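Could you have a look at this structure, given as structure tokens, before my questions?
In this document, chain identifiers A, B, C and D correspond to the written order of the chains, with residue numbering beginning at 1 in each.
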Amino acid sequence: MSLLSLIVVTPLIGALLILAIPGTRTKLIQGVALVFSALTLLLTGYLYAAFDKTVVLMQFVEKLSWIPAFNINYCVGVDGLSVALVTLTGLLTMLAIIYSFNITVRIKEFFFWFLLLEVGMLGVFVALDFFLFYVFWELTLVPMYFLIGVWGGPKKEYAAIKFFLFTLFGSLLMLLGILALYFNSMPHTFDMMELIKQGSLLPRAMQIWIFLALYVGFAIKIPAFPFHTWLPLAHVEAPTGVSVILAGVMLKMGTYGIMRFSFPALPEATKWFMPFLIVIAIINIVYGAFCAMAQKDLKKMVAYSSVNHMGYCMLGMTAMSGIGWNGAVLQMITHGLITGSLFFLVGVIYDRAHTRDIDAFGGLAAKFPVYAGLMIIQVMASLGLPGLAGFVGEFLCFLGAFNVWPYYVAVGTIGILVTAAFFLRMIEKVFLGPFNEKWAALKDIGFREMVAIVPLVLLTVIIGVWPKFCLDLIDPTITYLVGMIK
Amino acid sequence: MLEYVYILPLLSFAVAGLILAFGRWLPLKGASAGILVAAWGFSQGLMLFVKAIQGTITLPYEMSIPWFSFGGNQATLGVYVDGLTIAMLIVVTAVSLLVQIYSTGYMHGDPRFKRFYCYLSLFTASMLGVTLTNNMMVFFMCWELVGVCSYLLIGFWFEKQSAAYAGKKAFITTKLGDLGFLVGLMVLFYATGTFEISKIQELAHAGMIPAAAAGAAGILMFLGAAGKSAQFPLFIWLPDAMEGPSPVSALIHAATMVAAGVYMVARLYAVYALSPIAMDTVAWTGAITAFMAASLALTCFDLKRVLAFSTVSQLGYMMMALGVGGFTAGMFHLTTHAYFKALLFLAAGSVIHAVHTNDMREMGGLRHKMPITYITFLLGTLALCGIPPFAGYFSKDEVLAAALARNPVLFAIGAMAAAMTAFYMARALVMTFHGKPKDAHKHDHAHESPAVMTGPLILLGAVSVVSGFVLTRHEMFEHLVNFEGALPFELHHVNHSAVALFSSIVAALSMSLGVWLYKARPDIPAACRETFSPIVNMLEKRYWLDAFFLKLVDIGDSLSRFMFSFDFNFLDQIAIDGWAWLTLKLSKIQGWLDDHVVDAALNATGTITMSAGRMARLAQTGLVQNYLLFVAIAVSIFAAIAFAG
Amino acid sequence: MSNLILLNPEIILACAGLLILLAGAFIGESRAKLLFHLGTISAAAVLGMVVTQAVMAAYGNGTMWVLDPAAQLFKFIILLATVFTLLLSVNYHAIQPRHVGTYTALVLWASCGMMFLSGAMDLIYLLISLELISISCFILTGFEQKNPRSAEGAIKYFLMGGLSTAVTIYGISLFYGATGTTNLFNYVSSVDLHFNDPAYIMGMLFILVGFGFKISMVPFHFWAPDAYEGAPTPITAYLSVASKLAALGAMMRIFASVIPHYAISSTLVIAVLAALTMTVGNLTALFQTNVKRLLAYSSIAQAGYMLIGLVVADPIGRESVFFYALAYLVTNMGAFAVAMVVAGKTGSYELDAYDGLARRSLGLSIVMVMFLLSLAGIPPLVGFVGKFYLFASAVNSHTYLWLAVLGVVNSVVSVYYYMNIARRMFFSESKDVSAVETDIYTAGVIFVTSAATLLMGLLPETFMRIVKGCVSFHS
Amino acid sequence: MTLSYYLALSGLLFTIGLFGVLTRRNVIGILMSIELMLNAANINFVAFNRFLYPGQYAGQLNAIFIITLAAAEVVVGLALVMAIYKNIKSVYVEDYNILKG
């Protein structure tokens, strides 16, 4: 079994093991979940280390025949585009599991679904066969449904089913697109690399239809305007750990899919769609930021800021240049770290105060310096402060796109301003000003929460100061991919 | 020597972390570490300066390491040192050092003393980064970082709502300008293919950058400078920034950070020089700012705000100088201004420390209580007003001369601003230190500040007196800071001495007028306030610029509320859930059909006939069809299909 | 006549039915369950025979019937469903001990009819098979004599069935008039003559009514929810799986194989009806509060999906229907089994009986979710592979891409009500928290079907190869 | 007498049967109407056999099958009517309305 298969299987074993443990042995279940997620993280870390940065093609490839009737293979591999995302998934899942030790009801089910979710997410990033990709893609859906629906907030059931239906609709359209590609390849295949080679030979109209079908599937996950409305709801209702995964990993599946497949395989359609894509990216940026500004709920604000940030990512993609794509990939990773940690931080205050209303707080910085400090660092990272991770990705996205779409980019910068405005306003209302004595009894951030959050903060700073750490992996592959498309 | 200059910002960064982590175990809660590093930095700067003057080091010096690569481009991390850098380096380290020493007294006993020094170190590090970097991308990073430090320090006493607000206002206003900077940077990148300053300069000197691109980049980046250096119309944040502790005002909002915009224009002067439009924009914005801010200071009663407006006005001078081609003049004014304005702020801080108010109407007669503060403030005032032989005289003189050389209108505006400067400074001096104490209680409790605070004041006072004179000896400053193709420092074709004489006389007259009015006839200014109330009102409203920006914020807020309501009410609830709703409705219809069809099931068979009347009656009872009828209909349709095709 | 040996499974099954009926008259009520076991064993034995025939590639035909791989596949499906049904019936409360013999015999005969149907190559032969199924099933539906629902369901089923049979027979007569034969072997040779003959087209369409009734195609589906709700639950499962799939198999033989695809000018009619079937089934299922009814409407929709493959009718299309039939067999059977278990504990088929089931019996809930997700077509379960296959055939055909798109939309709609059950099980609370017990027979069925649901989803290759081997109908 | 007369008769019978199925309230009546429709088919079979394919017996044979079949169906149908009558005490189809939705 290759390393990648091991990575995908480890959490699955953990999930099955948890299923076998009696539900009353909560400590054991938590332990198993932690151990297996940690193992996965170790393996992904090893993958990160063992990954050859100079090779632009797929590495750690494993190909086994699965369903020969449809020429479907179990085919996995990673390149610079996916390797960091795999590691990110491993990291965020483990941290989210650590954070989720505060879940008190139905612990067994929770961690079972959580590890199953990890299997799906890892699978999406390593799959090289489109059928396999689709299976993993859908595999993330069901655990997410239950995680939101059972452990979520007041409107959890609505949020869960909405998320499910929304994304399912997209993915089924994607399935049709995949099938169309399959039947137009010769010999029929689901092999992504092969389809990428053959896709460009399709007639333009066909490419456009297929692109559209795939795009809807991906766009719903990203989420791109106007398919984003499931996101605020799902993020807000989901329990903290799940919001982290949702924002940190699952949104990236959409952009990853487009970069991995749609753009390289359907160049004509890409060209045709580009003007729309850039407009959507700009709308995401500006509109997401403005929507976030209107929020009174801390979590919803962070959720809408994700719409805005994924807009940057799409902007970078539309550049169709090495600069922009580097930015887009880096933005995926940094958004995972930053927004993930922001959701953790929002969770910390919600666990204590049982409210997320921005106006309900005030002056917390005086009483909770550590919490305030972490929050301010991550907020600054989120609004793109240089020196922290958010900036480099964002800057490269803008820089890349500027070459092609200068005026759109100029409009898009408004998003930066608005993001700064609403985040600073939030800080002002929550942390600054006179201390609201109502919260005098609350405690500052605890050890378990620190364990979950501090690694993300550290990584935010490290990537911000030394982006090479990430970009070295990404750049060669991206340069190669972009060169290939052009 | 030069090889190790990169250590300066790194060390400062490290010290910031050190203070945050271990401050409580260090002497003076970590202040000592910050001061030591600043002192070392200052000594390094001074040595560099001396060596540069002596010519024992070759400039410009550049070194860099690869930072990261992106899509075939390489970003580097490194330092670029030329005369301009050294001049700025000395300003930053000197003021930082003195302010840190001063703050041990000023901030004594503050519960967040440690954090204050952490922020100061962080700021110093970032500012050194701005000064030393060889790369516009890193420049922008540090540029933003100083903004954050400014945000944190303005809002240092964040329990005060106004302080928290002012911090946010400063950050967002400068961020607005930074959008321009960002876009300008991108224009510059695509015009030159690099972020490296030396390469950009080379290309600019070789004329390889198209004038249009240079102009666009220049103007866009100047927006950023306008935000940072508080130029019209973005200067609105600076007066509010006075909510921060006075040492912060002295360091950040008088001497260094606000000068970063000027420094940026100077740094990319080669690019600006390619585009007359960009130059004119800089010059005119500077002139307008100088005039407007000076006029605003006339009616202000808050001591620190008077100084803040004065700072804005002086920054306008510098910009104007750069815009008209007075490269060296502008930078020289930056240097001298940094010292005397820091001095004024620290002295004002000393006063505020003593009387616990900013309002000049509650001061008065303090010169006996606080002699050192008074003397040093007086020296700073004279320097600022441009009275010979103080520092300001030399630099302001050069600025005006440069303006006259290029455009008499600019000169006239500058001269008027100079007159107003002298007047409001005289007003501030008199209201604070002369006359009778207006608030006896505060006056009684006032006392001279401790030595750690007066020490820096005295030092800065000395510098304010001599720096102008010293630095112009043997063309020392010009030798260090110059730009080929800009106006020479000593302008020979205009009557230099005439300009100097004229400006000195104007300043002296105007100052005397101020002193006389506020000391002997305070009733006249009061009467003037009455008489010219519309103008006073306009000035107190700051030309309605604040209102304008607040309106913008309001519009943004409404827009955001509108968009969210669109998002939620339309997009989510109607366009998306609407589909679900429609589906459910459809299924209800279907369910209704089944209810009433299968519900009646065979029941309906008895009542259905083929007659239309019967159908109508059925319609009235709600029983339209039944399932056997469906079969029959299907059968008929099938038959029809068979015969049709 | 020597070929008659190929019909041995049917003959043996029919005889077994007779024997069991007789035994039922003599056996004591306390040992009546033995008859279920006998029935199960004979069905299983016949299943073994069918498998043996398939393995030995024992193919052949008579004058009115044929034994080809497709027929064997459907016989396999039918017998498997029969075994499951009888196992589920063992502990079903509403069957009185003295009627066990009758019940078992009727189930076996109905299965026998279905097996005949799967090889029918003559319309009259086909008609008689259909009637054998129908008549047995009418009785089985009304088997709970004391239950008015059961009787009402049966009578509705019967009347609807009677009408469709009449229409079908009329169609057969027209077909006979147009072609001079009811035999499909003979017909094939004279095929080109009749395509534009109205009598022929009308005949074909009227025959379609009979099939439409059996597979509950809209608008001939109205009986299904009522009969399903009224019938004893094992019979509901049987009707929804065996009866439906057997009819579908025969329909495939006639409409997608014997009569060449291009020759049916009415394919569009079936396509439209397929679209209607999925849509109506899914839409109506949305508001059901009774699980049996919900599954009834769901099975209507499932038939709609399967019709996609029938409409496409090229090899991939046929394969996809065959595969989906297998998938549907295990999934739907399993879902009904779980529904039966839950009703056995709570005494109700209403949705609120599922509240908090996950707290009471996590394993059962997870298995039920698996079945529901498989019906909805979520990977990696077998239902997904089936849908994938169906959509693949539609995409491949180009002409019927719109059916695939509609199928996608319908799948999304269906998830809503499938997940509604899951929601109840996992998100809601119940007052009663006692565990739900499962008897050994039902547990066996649930175990086998759930394992198949998962394994066939993960490793579908074997089954795909089997269905590929079955697509070429004998003609 | 030509084929068309027979076909017309059979068509008429079929339609009458269908009409009856749709309009009778009594279950027995509906059963009888269905029988009419079956007989319409029988007429078809025999007529086609006689006029179009005179050499065969298939049509007539089919008719006999169908008569048998109809008998079986009626037996079961009447039994079901009995069963439901025991439960509901009515032979009118509009009373069979427990199951709906």
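By our rule, a residue touches a chain if its C-beta (ideal position, glycine included) is under 8 Å from a C-beta of that chain, and two chains touch if they have at least 3 such contacts.
This structure is a prediction, so every number in the text was calculated from the model and none was measured.
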Higher-contact pair (C-beta pairs counted), A-C versus A-B: A-B
Innermost chain, where centres are averages of C-alpha coordinates: A
Rounded Å distance between chain A and chain C, as computed from the means of their C-alpha atoms: 43
Length of the line joining the C-alpha centres of chain A and chain B, rounded to whole Å: 34
Where chain C and chain D are represented by their mean Cα positions, the distance between them in whole Å: 26
Mean-CA-position distance for chain D and chain B (Å): 94
Of all residues in chain B, the ones touching two or more other chains: 591, 594, 598, 601-602, 628, 635
Interface hub residues of chain C, defined as touching at least two other chains: 155-156, 159, 163, 167, 225-226, 287
Overlap residues in chain A, where contacts from two or more other chains coincide: 165
Touch relationships between chains, expressed as pairs: A-B, A-C, B-C, B-D, C-D
Residues of chain B defined as touching chain C within the complex: 583-584, 586-588, 590-591, 594, 597-598, 601-602, 627-628, 630-631, 633-635, 638-639, 641-643, 645
Residues on chain C engaged by chain D in the complex (per definition of touch): 124, 127-128, 131, 134-135, 138-139, 142, 145-149, 151-156, 158-159, 162-163, 165-167, 169-170, 172-174, 176-177, 180-183, 225-226, 229-230, 287-288, 290, 293
Complex contacts: residues of chain C adjacent to chain B: 155-156, 159-160, 163-164, 167, 198-199, 201-202, 205-206, 208-209, 219-220, 222-223, 225-226, 265-266, 269, 280, 283-284, 286-287, 413
Of all residues in chain B, those that touch chain D in their complex: 591, 594-595, 598-610, 628-629, 632, 635
Residue ranges of chain C touching chain A (in the complex, touch as defined): 358-359, 362, 369, 373, 378-380, 384, 388, 391-392, 395-396, 401, 404-405, 408-409, 411-412, 415-416, 419, 422-423, 426-427, 459-461, 464-465, 468
